[in-house]
Each structure stands twice: as structure tokens, then as C-alpha cells.
Amino acid sequence: MYNQTEVIKDTTELGPEGELVINMGPQHPATHGVLHLVVTLNGETIKKIEPHLGYIHRSIEKMCESLTYRQFIYVTSRMDYLSSHINNTACALLVEKGMQIEVPERAQYIRVILNELTRIASHELWLGAMAMDLGAFTPFFYAFREREMITDIMEDTCGARLTMNYIVPGGVMYDIHPEFQTKVKAFIKQFKEKVTEYEDLVTNNIIFQSRTKGVGVLSREDAISFGCTGPVARASGVSCDIRKIAPYDVYNKVEFDEVIETAGDSFARYMVRIKEMNQSIRIIEQLIDSIPEGEFVGKTKNVLKLPKGEFYQRVETARGEFGVYIVSEGGTTPHRIKFRSPGFSNLSALSHMAEGSKIGDLMATMGTLDLVIPDIDR
Amino acid sequence: MFSLEGITTATQDWLLIKFNPTIALAIECVIVILLSITLFAFLGLVLVLMERKVAARIQIRLGPNRVGPGGIFQTAADTLKLIMKEGLIPDNADKFLFNLAPFVVMMVAMLLLAPIAFAKNFQIWDINIGVLYISAISSLSVIGILMAGWASNNKYSLLGAMRSGAQIVSYELSAGFAVLTIVVLTGSLQISEIVAAQENGWWLFKGHIPVIIAFVLYIIAVTAETNRAPFDLAEAESELTAGFHTEYSGMKFALFFLAEYINIFIVCAIGATLFLGGWMPLHIGHWESFNHIMDYIPSSIWFMGKTFFLIFLIMWFRWTFPRLRVDQLLNLEWKYLLPISLFNLLLVTVIAIMGWHF
Amino acid sequence: MFLKDYILDVYNGVSSLLKGMRKTGYYFTHPKEIITEQYPDNRATLKLADRFKGEVIMPHDDNNEHACTGCTACEIACPNGTIKVVTKSEVNAEGKKKKAVDALVYRLELCTMCNLCVIACPSDAIKMAPNFEHSVFDRTKLTKILNQPGSKIREGIE
Amino acid sequence: MTNEEIKEYISSHAPSAIYDETGEWLNITIEATEWKKLAATIKEEPFQMDFLFCLTCIDWKTHLTMVYHLTSTILRHQLVIKANLNIDLPEINTVSNVWRTAEFHEREVFEMFGIQFLNHPDLRKLILEDDFKGYPLRKDFEDPINMIKL
């Protein structure tokens, strides 16, 4: 990453005025992957944070330039692997929009249900990982117990637990599993019972509250300026839910609230995600019994060719706004593809949020930003 | 009735018959050293296994269950692995201090073993300032930690050691005041007398509110003093990777690990002695038959039972709570625990002077 | 009231902590809630989802016949070049020359289990199998030839 | 705000702007030199384009095109601004002082396409190594070692 002289300077010499430069990452328990933060400290107080990215950069955008419009969808699962369904949906929606493919209603319902399940699974994992960042190990296991039910449902229907690749242009790859509905209902029942556990263990805990309240504050103006989306922006009072602004699939048919908090601190971000899980449950409850009969995939041509032009599709992943931008020359492969990942913009606000706080606050801030490094690096 | 007291007196008598007193004393010393080292090793293995099992049960897992029945040899296997590992010394580290630090921490833990009464009349050294001795020696462990943090030439270690220093120095106060509460009530610093004073009832159950407060304070303070979650800032896995022992590997790491668990055992043993009556059996008022049955349980089992109950309590804390931040940790001590314990000490002193206690 | 707030602070803090301890204490005393799966021990009873995408296989029937025509649709559909179809010309019963599959080379180490080849196959000759214990000591063993030696195409499949 | 009003307003600030309404959103192609002034203008009233949600570049082999996707969190309208750059000397003014998210996005575009963002506060490589040669997302990029030819 650096040339040799810089490394030595970074690790052995004190900076001006007794500053201490530590390399947090690429292997560090709290960076959840291979994020590298060069943190300048003054005692315990953070003076500057500089992210260094690229440890898991696979140049997916370049790869996609040589893949057809059917093939490139699977790659997007490998970006934000916790919301792979939603990423896949974004790509499928873009191809459908470009080629005016009609998507059967059944497929739309299935997509929305699976997207919301993915969102819950992602938030569950985040909850566990964040509690772990703050030193509480046990909620991780409780959160994973519920997440396991979702991955089982995914395994039944999609055949995979993490990188599903279940969404295809025109619908979904195959029909839902016969037991899908009963299993989802069982999950909803258990989730509603167990969600109080998180309140006892985490939300109401005095230590947790004092660790997160007033920590990593991001004002509304800054959230907009830094391009933050998703729960990070909504905790700062920015209304930015793509499911509300530009509904896709059947989101305009369901009732749900956009969760908005105004404090902008780590606790607000935490609360937004917890409440969002409940909203997701609400969406699933509305749809699960009324999945219409019919085809699960629309009629598509064998070879997909996007017309010449530019297409942009925005969706709301668990982390925020995910955008796919395709410039097509009319061939079977895109000329240029750009993925606008939510984590990348959210990360850029980290330095601003954590400056002047303690190392422990950095963990709380980073935990509530919910960074997924492959999503940032792409 | 089985009693450790009988064994010790028999051994001593036999030694005095066979040898002259000086040699007998020397042999006794050797026996004590061997016994305490054995106890150390045994406690290390048991406590680590217990921690893992408790954590597993709380976290709806099974825990270690592959080595031996129910995984009871897991820690022995781990120790074997750690012994075989290479002890790395980082570049530019202060080699002498780096190697010394784990032994300092370990020695402090060993010294603390001396005044603890494991059973009726089964004590290495019934020093007349026992409680003071414990308070004095236990604060030495911070030196070992600071040494380790500084000598490692690692910034994480240094940060961890500094945190640990601030933390232990602060929480010594509350722990000390909590201990003083009992000393004031008993009127003695000697462990055996403190235990003897609880013959009619343990201090915790005698119904003195200041004692109950002192007990809570003591548990919080010693949790912090032993660097256990929620006060494990010196290690703070998610912040400082492993804190002061980041650079240690192999047996030197194992010594730190062992010292941590021995320290827990010792502070819990002292807690049990001060508040839960040490080896005293549970006696309830005038239920003669009940008291008699309780007397039949050997005193060593009473002592170990109480100690392990407190150890379990501390483990329960660890697997439930998130970690505090460093400034909150010091806030908690200086703004909450210290005023409360000062007030508490004042209260108990008034009670003792007025003779309201029983 | 400073003192009242102070005491209330302490009380609320401690009660919130006790609530959490009650929860973990509940799980400690209820071993029935343990969810660990003892994987290598429960291998006999382990049941994966039918649709689990573990590897691509080519089902053969009792006569050692498969349904692959060697049309290379799967090869074209594959995003990472996992599948390579080697074809040969075969003379069938009516004396006509016909393209047939010689070897369907499948490289498991490149496969991402995206299922596109299965969807693309016009004669349903390949499918995903719910196997997951793929680890081998030699990487070359991951390159498999899916059609069994001596197998031929089933009658009536074009 | 209708497209006509936007066009009228933009024309008064960037006279050479070319409009394209075929896509989902209004596309405006401007001169690179006009961008600095225009960016500061459209963030304020009456457009309030306060949210830069996508910033990227396209390599057309003959020239490069910077693409800025903008939206307003208040008025909820979208706008796409494009600027064509010379492939031999791609230079454009930074907008990181207007939208701070651009700082990271511009660093990414800088290393992937080699575009110089004038007045950028910290234009260093973000993802690639410091001594990396070449611009990976350009069409003429060849990597003989790491590229897998299937």
C-alpha cells in the first residue's frame, strides 16, 4: 500500500505534538473485513482518520463489462453480500426497465418478501456484530439464531444461504418452495417473541446507552452533503427511503413507515435499524398470504440486448441507496457499468463523525455505520 | 469428619519428630510451594474450562466438548499447545522487561495466596495484617501490566497498559473502602479473626445495609481490578485487538492468561472470606438440627462453594454486558463508586462506634 | 433535586443491568435452548434443502445414459468459464452424423453456484446437487468430467 | 420544477449546455470549464440539488465523460450533468467543496480514469497502491499478469 519509507515513519516515530499514529486494520477485530484506517491519536482522543481501501477490490465494474446482462447479476451478490437479493433485484429491475420486460405479479411479490427477509437478516447480523464491537458477545448468538431461520428459508427457496442469485431479468429463477409461507410465518412469530430480548440485553442497557448516545453525531446537513443514505441518513432526519421515493416492484402496494430519527448519533442509527426490522416484518405480513398465482418469470428473449442509452436504477438495500448505472451501446454486454454503493459514501463521513472522540467511540460509530467492506471496495 | 486441619497437624507433628525444627520448616515450605503451584495449575485449567462452559451455556452453545468426556481435558490440551508454541519477541522490544512482565504478574498472584484461609485452620500464613497485605500486594499487578505494555513496542499494548494503569489505580480505592467496611465491623485485619467473627452469621446476611452496599461495590471494583468485562478495557478485544498482551505468544501469553484467572479466584476468595464467612458453614438462628447438618459439610467445600459462586457471578457479568468507554469507566469510579463507598464507610463507622451492630 | 436524580440514575442503571442478567441467566438455566448442531456427528441425519446448490452433476439412468446433447448452452451461459464442453461427431443408428458430447468438463473450483447453466440447459441434462463436502487435498481433483465413461445420450432427446 | 424551467435557468448560467430528454431524467452536457460555477449555483435556490448520489466517468475511447447524478432531498427532482473531457489531458474542477461526498468519489475516479480534479483537497489514490501504473477502468487498460483470459 505504501512505499517502504512511509511505513517505517508511520509505525515508529511520534508525530508532531505527541501524536500517535496507529494502523487500525486491515486485520482488526472491529473493522469487519479488510478496512484499513490510519488513525491519528492524541492520547485516547482521535484527531484524524484516514481510510485506505482496496484490500478486497475486485474491479467488479470492469468484470461486468465482459459479462452479459444475464450473467452480471450474480457478481453483484459479491458486493454487499448481506443484501445480495436486493443488489440482484436492482440489476434485474434495470434490465427490465431497459428492455421493457413485463414482470409477473407473483415474481414481484416474491421479490419484495425476499428483499425484506434479506433486510432483516442483514440487520440481525449487524446487531450482533455491533454489540460485539461494544464488548457484548452474547447478543451476537441470539441475533444469529433468528438470522439462521431466514437463511434456512433462503436455502429452501433459493438453494443458497448468502449469495443467492435467485433473481433473473423478468422474474425469479424458480418458484418458491411449497413450505415457504409456513416457514416465513413461523419466523415472524419467533421474531416477535425474541425481539424483546434485544431490548433487555442491548437497547435498554445503561452501558450500551451511554456508549452510543451522543456519540458519532452526524447533522442533517452533513448527512446530505456526505451523500449518506439508508439508516445512517435517516437517523439524522433525512428522508431518503427509495422504497418510498421511487417505489419498485410492489412497494407502492404495501403500507409501511419510513423510520426517521433526528438525533443523528449512534443510538439513533441503532434505533432506526431496530424499528426498520419491525417495518420489514409488517411488509412481509401484508404480502405473505396474498402472493398471487401465476407465472414466476416473464417472457424474455434468449439473448438480452439493452438498447443504446443510459439507465439508472436505485433500490434501498439494508445499508442505503444502491444504484446501478449502465451505459449501453446496444450490445449484449454493457459499455460501462457503475455501482453506486451505499457503504462508500457512508464511510466518507466516518472521519468527520469520529474526530475528537475516543477510540471506544470510533467502534460505536463504525459499528452503527454498518460497513460491509466488499461493498465499499467493489 | 474429614478435615484438612487434621492432615496438616499430622504432617507437622511427624516432621517435628523426624527432623529438627529448622529442617522441618524448610520441608514444610517446599510442600507449601509445591501445593500452591499445583493449585495454580489446577485452578487455571478448571477456571478456563468453567468460563468457556458458562459462556457457552449463556450463548446457547455447547462449548468445548471434544477432548475428553464433556470436553474436560480441553484446557489441558490448550496448555499443551501453548507450551509447544514459540515465544516470539518483537523487534525493538525491551527483551528483559518483555520476558519479566508475565512473571511479575504471576508472582503477584502467587503472593496473594498466602493469607487466604482455604478451610478451618488451613492457611499458609495467618498474618495479623492480612487484609492490608492483600490490598497492598494486589495493586502490584499493575506494574507487570505496564511493563508488558511498554516493553512490547506496540502502540496497542501501550494504550492498553495505560488504560489498565488508570483503571486499577482508581478501582483500588473502592475495593479498599469496601474491605475497610468489614474491618471496621470486625475490628481486626487478620483473616482468621474476620472469619471467626462470622460464626453466628455471615456479614452479608446479618442485615447490615452498609455491608450489602459494600459487597456490591466490592464486586464491581474487583471486576474492574481484574480487567474483566465490562471493564476489560486493557484488553478491549474490538478496540485494541488484545491490549497489553498483543505481542505475547506461547507460554508467556499463557502466564498472563493464568494470572488473570488466578486473580479472579483470589479476589473472589477474599470476597467470600469477608462477606460470606469464608469457610464458615451456613447457620440459621436457632435451628440446631439444620446447623448441625451444615457443620457436617467440610469447611473446605464451603469455602470453595462460596468462591466459585462469586466467580460465576463475575463470569455472568462478562457475558452479559457491553464494555464501558475509558472516560465512563473513570466517571463510574470517581463520580459514583467512590462517593458511595466513602459515605458507606462513614455510615458503618458510626454504626461500629455506637455499637449498633451485632 | 440533585440527590434524587443521582439516586434515580443509579437505580435505573442497576435495574437495566439486572434485566439483562435475568435474560442471560434464563438461557444459562435452560439448556434446552441450545441450538448447536454437532456437524460431523449428525451427518447421518443431516438433511440439506433439496434445492441446495452444491455442485453441478449430470444424472445418469440405469442404462448409463444421460440427456446431454452437447449443445454448449451451459458453456455460453456460464459467467466464469467453469464448464467446457468437448464435442465429438457420432454416427447414430440411422447412419447420420450427429454432434454429441465427448466430455463435459466442470471445474468446481471456479464455480459460483449461480445456477445459470442449469436454467440454460434445453434438455435438463445437468442439475444442482446438494453436496457440500468438496474439500480435497489436490486441486486437480476439483476438475471433473460430468458424463460417466461409456455413457451415451438417451433415446429421443434432441 | 419542469424540465423547461430547468433548461431556461441552466442556459442563463451555462450558455453552451446541450439537453437530452430521451432518458429517465434530464441530461445536460456542459463545458468542463463552466462546471465550477454551475455546481455552486444549482445547489442553492431554486434547484436545491443538495444530494450528489452518483459520480462517475465513462471512457468513450475518443473522450471521457464525467457524469454527475444529482437529486434534491427537498424538491425530489433528479438531474444528470455531463461534461466531456479531453482524453489526453482530462481536467475538471472538483465539486468536493459543494458536495463533500464527491471527495471520495473523485479520488476513485482519479485513480480509475486518471482525471485530474483541480482544487481537490486531497487527490491521492484511495483504492490502488501508490505506485500503480495505468488507469484500470479505461478501455485501453491491459494487465498482462492479473487479467484472466477465458
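So that you can tell them apart, the chains are marked A, B, C and D in the order they are listed, and the count of residues begins at 1 in each.
Keep in mind that, in the parts below, contacts are C-beta pairs under 8 Å (C-beta built on N, C-alpha and C of every residue); 3 or more make two chains touch, one makes a residue touch a chain.
These figures come from a predicted structure and were not determined experimentally.
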item	value
Most central chain, judged by mean C-alpha position against the global CA mean	A
Comparison of A-B and B-C (more C-beta pairs in contact)	A-B
Centre-to-centre distance between chain D and chain B (centres being mean Cα positions), rounded to whole Å	63
For chain B paired with chain C, centre-to-centre distance based on mean C-alpha positions, whole Å	51
Computed distance of Cα centres, chain B from chain A, in Å	45
Separation of mean Cα positions, chain D and chain A [Å, integer]	25
Chain D: positions in contact with at least two other chains	none
Residue numbers of chain B (touch at least two other chains)	58-61, 319-321
Two or more partner chains touched - positions in chain C	17, 20, 23-24, 35
Chain D partner contacts - residues on chain A that touch it in the complex	1-3, 51-54, 57, 59, 61-62, 97, 222, 224-229, 238-240, 245, 309-312, 314, 321, 323, 325, 327, 335-336, 338, 340, 344-345, 347-348, 352, 377
Chain B - residues contacting chain A, complex	55, 58-61, 92, 155-156, 159, 163, 229-230, 232-233, 236-241, 319-328
For the chain D and chain A complex, residues of the former touching the latter	22-25, 27, 50-54, 56, 58-59, 67, 69, 73, 76, 80, 99-101, 103-105, 108, 126-131, 136-137
Sites on chain C touched by chain B in the complex	10, 17, 20-21, 23-25, 27-28, 31, 33-36, 38
Residues on chain A engaged by chain B in the complex (per definition of touch)	11-12, 20, 22, 28-30, 44, 131-138, 140-142, 145, 201-202, 205, 207-208, 210-211, 358-363
